[in-house]
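Here come two complexes built around subunit A, the first alongside subunit B, the second alongside subunit C.
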Partner chain A sequence: MPFNRKPQKFNAAIKSVVIGSGDKTVTLGGENVLPFYAFDGEIKNGPKVGVEITDLGMEGEPESVKAYYEGAATMGEIAKKAAAMEGADFLCLRLAGGDPNGLNKSVEELIETVKEVADAVDVPLVVEGCKNVEKDSELLTKVAEVLQGRNVLVMSAREEDYKAVGAAAGLAYSQKVGAESAVDINLAKQLNVVMTQLGVNADSIVMNVGSAAVGYGYEYVVSTLDRIKAAALSQDDKMLQMPIITPIASETWNVKEAMATEEESPEWGSQEVRGISMEIQTAAASLASGSDAVILKHPQSVATISKMIQELM
Partner chain B sequence: MTLFERVFGGNDAVYGLTEAAVDAAIAANGEEKAVSFPDTAYALPCYYAVTGVKVTNLKEMKEALGVVKSLMTRENQLNDVFMSGVATALCAEFIEAIKYIDGAKPYDEPCYGHLSDAIIRELGVPLVTGDIPGVAVILGSAPTAQEGVDLVKSYQAQGILVTLVGGIIDQCQELGYKTGANVRVIPLGKDVTSVIHAVSVAIRAALIFGNVTAGDAGALMTYTKDRVPAFVNAFAPLDDVIVACGAGAIALGFPVITNDDKDVPAIPKSLIIQKDVSKFNATSLEARDIKIKITNIDIPVAFASAFEGEIIRRGDMQVEFDGSRVDCCELVQTKDASEVEDHKIELIGPDIDEFEVGSKHSIAYVVEVAGKSMQPDFEPVFERKFHSYLNCIEGVMHTGQRDMIRIRVSKEAFNAGFRAKHFGEVLYAQVKNEFEAVVDKCQVKIYTNPEDCTKIRHEIAIPVFDKRDERLSTMTDESVPVYYSCIMCQAFSPSHVCVVTPERLGLCGAVSWLDAKATNELDPNGPCQVITKEKVIDERIGEYEDVNEAVRKLSQGALDDVSLYSIMEKPMTSCGCFECICGIEPFSNGVCIANREYAGMTPLGMTFSELASMTGGGVQTPGFMGHGKHFIASKKFMKAEGGVARIVWMPKELKEQVAEKLNETAKELYGIDNFTDMIGDETIAEDPETLVAFLTEKGHPALGMDPMM
Partner chain C sequence: MALSGIQIFKMTPKKNCKECGCPTCMAFSMKVAQGAMDISACPYMSDDAMAQLSEATAPPMKTIKVGTGDSEYTLGGETVLYRHEKTFVSKTRYAVSLCSCMSDEEIDAKLEEDKKVDYDRIGERMCAEMLYVNYAGNGVDKYVSLVTKAAATGKVLVLGCEDADAAKAALEVCKAGKPILNGANASNYEEMSKLATEAGVVLGVSGANIDELHDTVEAIEKLGNKNLVLDTTEATIKETFATTVQVRRASLKDTDRTFGYPSIVNLAKIAQGDRYMQQALLSLFTMKYGSIIVLEEMGYAEALPVFGLRQNVFTDPQKPMKVEPGIYPLNGADENSICLTTVDFALTYFLVSGELERSGVPVNLVINDAGGLSVLTSWAAGKFSGNSISKFFKENVEDKVKSRKVIIPGKVAVLKGDIESKLPGWEVIVAPLEAVQLVKFMKDLQANGEL
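Our next item is the complex of A and B:
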């Protein structure tokens, strides 16, 4: 019997969200087929890869990451190197130092870093907060304000602070808003519903539906991504058609497989190889399950994943 | 004079002034002279928002006056009043804009005049989040400076943004009251026309935050009415110009509250006369439906969930209120808004310090609430939370509910100053915070006289409780218009959807139809959504087209159809939280039910956990179904297969729990007395043969019914 190709057609598509300004923009989403099902139909934009840097500079980074950034002394220089990384589509600045339970840097200090990074590069920018709801409400509001006109993605608005972050980033300063939920399709949808009720344009929202490192309950992530894509495409669920961005580096580099030194676990081999491997595996799985963008930090991971995307498109 | 005459007169006067001002400005500067407000991208924001046209110079302003004139219709309809109000506001904007010609700085400290876009963006975010719950525009001079400052202070304490126009600015200065954008008290200007700078804030908020297109006056007014929680406090005497401006405020949806009762006809909800200035705050908040978040509960001890499990032993106890010995009760009552004074806490009877250490007393506390969306069905939902609220107080222990409560207050809490009224403070704050969506106003009455408590318990509370129970027991699936979905468990059981009906509560046993309804009203985007049931497919098994549609949508396509009353045909799925599982027992034509607490074997050859593994996970398994305990005695239990007569076995403990109601149902449906005596349990049989022998001996009806498979 001859093989009959039967493309799976959907009468719905993921929304396209553009971040960045001027000549340098990147479009997330836009597809109307399942992840990498290029044989079912053209994939408009293809998944994108972002490079993560934090306001902590090179402090605590693995040696091989430090090696890549060698010679970069200021945040501006670090940002330039990150933006120039092979395979990078956008830059992500994570303001980890703002966490009140950590360094607890002041909003003013962090905003200076944001400005320095934004002034140094013209690539599309994603700015992530410190994950503390109260601090983020204040910090991300300010971030949205100082980056007016840059059309950045501000991450993230969550159930607890979506009003402040959504109103500032989505309404007052016309940025894009990340909507973050914790690996649950209903919570992801509910957040999109309340954000749009607040007045944020559905086309300005990018979802971060939560993640984990592979091996750390990652099955839940796959199932959530799967179901969101299925609902968005096969059921035309408008409140789940926002593109998905998944921060990977911040999940994979602090698990045991990436942290244990070779002295501690000689049988596991090179620590660096393990860390990169965790990052690549998690990113590949997230893209295959439906994420429209991943955020990585190791140059080798960025290069590998962007090559994978090219080959599969 | 009628309101029409006053507004039209005021409007005409302002129009005349504006025309003269524009002409004078043209004479002095020429037609081409640019007019603009500083630091705004919206030209003359009010005119731009209403018409979609940006006025940039005096010539265009002169033309715009013609457009304003066209709004000034005189048909003596309410709409003419509103449009004349809008026209007055636009005129005021022109007059103010002319002041700024040539980059002039017409306003000196402390007045701000025009506010920049940057300030609006900054204020807009807290306005959207509700951190600034409202915007007060105070106009004119209060009867005394002190009264004026007190009013400003009262709004400021609530986080409300205050803007000042006219004499009130001098009154604040007179008493040295601090003003400025940083303390959210903004003096605009002393001329009445400077009120436009407050209007401009509301209007630009609509353009920036509401995505309102300039020129779409309808959308603009809807936005300001629904989303900008502003209101006007105008002090007597009101001249025609102020009345005309007020009409403009009302057109935008902002109520005007005044103490001038001469020649001002009240308009319900819009133009409110409140002669007592000290009540302006409460009247304004109520009129604009502004709810103030309570961040701090005013009690002398801590309040946190960490204290919820605290036990207070007899020796540590200052006093005790014990519903099992004397008359006590806790009750929520829905009242009319006029009967409730927000945050009124009343103690009727002696306080804790008048009681002997270690003594036992009566207490009754009645929480009276009012709200536009409040329904008596929510009362028990609130009440059920009291246990947790009072337990969270450091040094207070609460057990039980309704009229069977016991409360102990520790010596330590008493010594820290804890008194009876503090129960009220906690209940007030928690009810207002947690049920903000439906509670507008709340007051608490605490009774400690034994006679009062007896009276309240027996004459008010018990009849209310009885009525509620009656309502629950008489509610049928047929008697309600809609059902509710519950997908609270989808986090771990992704395709499961509960359809909650009055006669079939959620399978976890925790979500009744009333609970689901309350959850839906309190959190409209939450886990419980309305399911209509208008398109019947099959009444026998309880299948509806609309229910199927909802299930399909909520399970993301994993489930196509469910029946409400059958265990064999399209049974409802289970998440994993089921209180009980019933499974088909083929030898007797019946079903066995096992509850979660039962660890032993069932005649099906499976334990509860073994049954659970094949019933849960959101899949349909004909012949097996998870359900709540209360569903067992429901007339809808397996209705399609013949009802409760199919039940042949239950663990003894469960049987005893449901016996009374189940017997009632069996008597009503089949005329069988003491039906539960015919049902086996683990003391009679744990295998099918012994069970069938027992059923045969008892003449169990299931044996004579059609086979289920």
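Our next item is the complex of A and C:
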């Protein structure tokens, strides 16, 4: 007896969210099958890969990342190189230098960087704040303002600052809004509910439901992603049908496996290869559970993950 | 179809004899319905009921055992597709591939490399448990000598061999180690099944596509052999993923018993020579239903992420992962270094130890026994209190560490006074609320000379 195929068909789909402007746009989400289940039905769009750069330039980056950007002296030049990376679908600028516990750069200074990057490239853009709630409320509001018309994704609005960030990015300047919650399906849904109550269009929201490096409590990430996709597709939960974007680079490059130098752990071998491996494996696991986009930084990881996605489409 | 506890209960003798280990027949029935016990544990079930029940209550996916002694592993036996539904029971196992086409030097080098990755992560041994020994059709003697060499490692072997003569000769030298003979296909299955059955080993079955695989498994089951694993590797990455997922889903969700076996995914075939692509797929197939994953190399770069992932994915969602209580010296800490204490919840431990390592400040991380709960949960449950912390320090820390300063989590700042009164001579310092703030906090302490 031949195999009796029973495709899982859903009467619901993940929303499609377009970022970018002009002829350079990228669509996140839109699928109505489980991650990479192309045998159940056609996958619309397919997951996307973003390249992360920060306002700190090449400071603190691994040698092999620096090597890729060699010759790029300004943020504009760095952005151009990032956008041209093989396999890159969009660019993500993380304003890490704004952290009051770190460099504490002023909003004005960071906005200059944002403008420089935005002027240098025409690819779809994601702008991430510095993770400090107070600073981000001000910073991201300003980001949304100066990038008006570019249709960027502003990350992120959280429970604490969704009113400021959501109102600026989603309402005043019609950008796309990232909704960030901490690895919990209920928190993710709750944030979408309050954001839409604020008036943000549900079709303008992209979720960042939290992440971790593999081995670091990653089981919570898996189950959160699995459950969100199940609720969105099989229960048609409209408040969980936003596409999911997952920053990977910022999680994986500062764990022990990627940080330990070859002198500290000689038996572990090349530090660079370990860093890339953590990034690739975490990204693949995240996509397998339902991320519609991942943000990476090493050219090798971007190329490999992008190729894996093509192979599975 | 699956029966409910009540339906099963109706067929039990209702004697409440307790011989099965359950207090009542009802309790036993409920356990059988959940798949927690086998119906044969009841000594008084009538043959008729037994036949009816064992068919209906048989697990959807068979549990297959390979290897012997310390290297015996269980594959399959899964009941759910997602870890949040119930625990995944059999971890994915990894096999490094060897081929009779390789030179002796290559093979020796590979076996030597493979030995190096063998370490402990939160109480679990991590190493590639298996070797995949591929036959390239270049002479039975060469293959047998390779198999002999591979068998000497003590790892479980998977013989990738579709040639009956070579398989027979190879089994002669390694069958005692309970390997897998991965070699049955649509054209040779009768002969291969006979070989596997005679040698008492598990048979691996493959097909050119999912339909052929289904047909072949059915044919082998008709021969009476149900000791199988399914090689779901196809020509491309896309087809391999499709077959691997559909096989598992058909068995668990659509109760297709023909596909109720563990799987083998061979990355050495579909991503040959591409180390990074193999890693991406290693992660993908660990998440999605590979029981054995074959890859060309398992160095630390592959191992550190994938074993972390596997340990995470295959934990019981209802039981938190715990680390061993004790003193963990970080950044070269010695007996004069300051102590920092927290709970034994694995996630807390990793976050806190990671941040402390980043600070570069020598510190003794003291992990209390807090039942594997997070800081606030264990505090609320009374398992992380002034009493428990001071007791732990008196019994395990005071004789080993000379420093009399201890940093406690910011979330339990309220315990400061209590601990100071119960631990005379100790100065208690309260840390910030979140682990990410530790780097700055520790550096500040160091700069201010408060260590």
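In the analysis below, the second predicted complex is superposed on the first by the 313 of 313 C-alpha atoms of A that agree within 3 Å, B and C clash if a C-alpha of one lies under 4 Å from a C-alpha of the other, contacts with A are read in each partner's own complex, and residues count from 1 in each chain.
The rule is short, and it goes like this: a contact is a pair of C-beta atoms (placed from the backbone, for glycine too) under 8 Å apart; a residue touches a chain by one contact, two chains touch by 3 or more.
All values derive from a computational prediction rather than experimental measurement.
With the C-alpha superposition on subunit A as described, subunit C and subunit B fit side by side in the combined arrangement. Of the two partner chains, subunit C is the only one that A:N254 touches; subunit B does not reach it. In the superposed pair of complexes, A:T282 makes contact with subunit C only, with no contact to subunit B. Touch criterion not met for A:E159: it reaches neither subunit B nor subunit C. Look at A:K307: by the touch rule set out above, it reaches subunit C but stays clear of subunit B.
Look at A:V214: by the touch rule set out above, it reaches subunit C but stays clear of subunit B. By the touch criterion defined above, A:R227 lies against subunit B and subunit C together after alignment on the C-alpha atoms of chain A. Put subunit B and subunit C next to each other and count what each touches on subunit A; the higher total goes to C.
Shared-chain residue A:D122: touches no atom of subunit B or subunit C.
Once chain A of one complex is fitted onto chain A of the other, the partner contacts of A:D99 are absent, as it touches neither subunit B nor subunit C.
The three-chain arrangement built by superposing both structures on chain A places subunit B and subunit C 100° apart around the Cα centre of subunit A, to the nearest 10.
Closest CA pair between subunit B and subunit C after superposition: 5 Å apart.
Overlap of the subunit B and subunit C interfaces on subunit A: residues 223, 227, 230.
By the touch rule above, subunit B contacts subunit A in their complex via residues 121-122, 124-126, 128-131, 208-211, 487, 490-491, 494, 525-527, 553, 556-557.
Chain contact summary for the complex, subunit A toward subunit B: residues 137, 141, 145, 163-164, 166-168, 171-173, 184-187, 190, 193-194, 197-199, 201, 223, 227, 230-231, 234-235, 237. Here subunit A touches subunit C in the complex through residues 1-6, 8, 36-39, 101, 213-220, 222-223, 226-227, 230, 254-257, 259, 267-270, 273-274, 276-278, 280-285, 287-289, 300-301, 304-305, 307-308, 311-313, going by the rule given at the top. By the touch rule above, subunit C contacts subunit A in their complex via residues 82-84, 116, 121, 210-211, 213-215, 218, 236-238, 241-242, 245-246, 249-250, 253-254, 256, 258-259, 276-277, 279-284, 286-288, 299-302, 304-309, 311-313, 315, 317, 346-347, 350-351, 354, 357-358, 437, 440.
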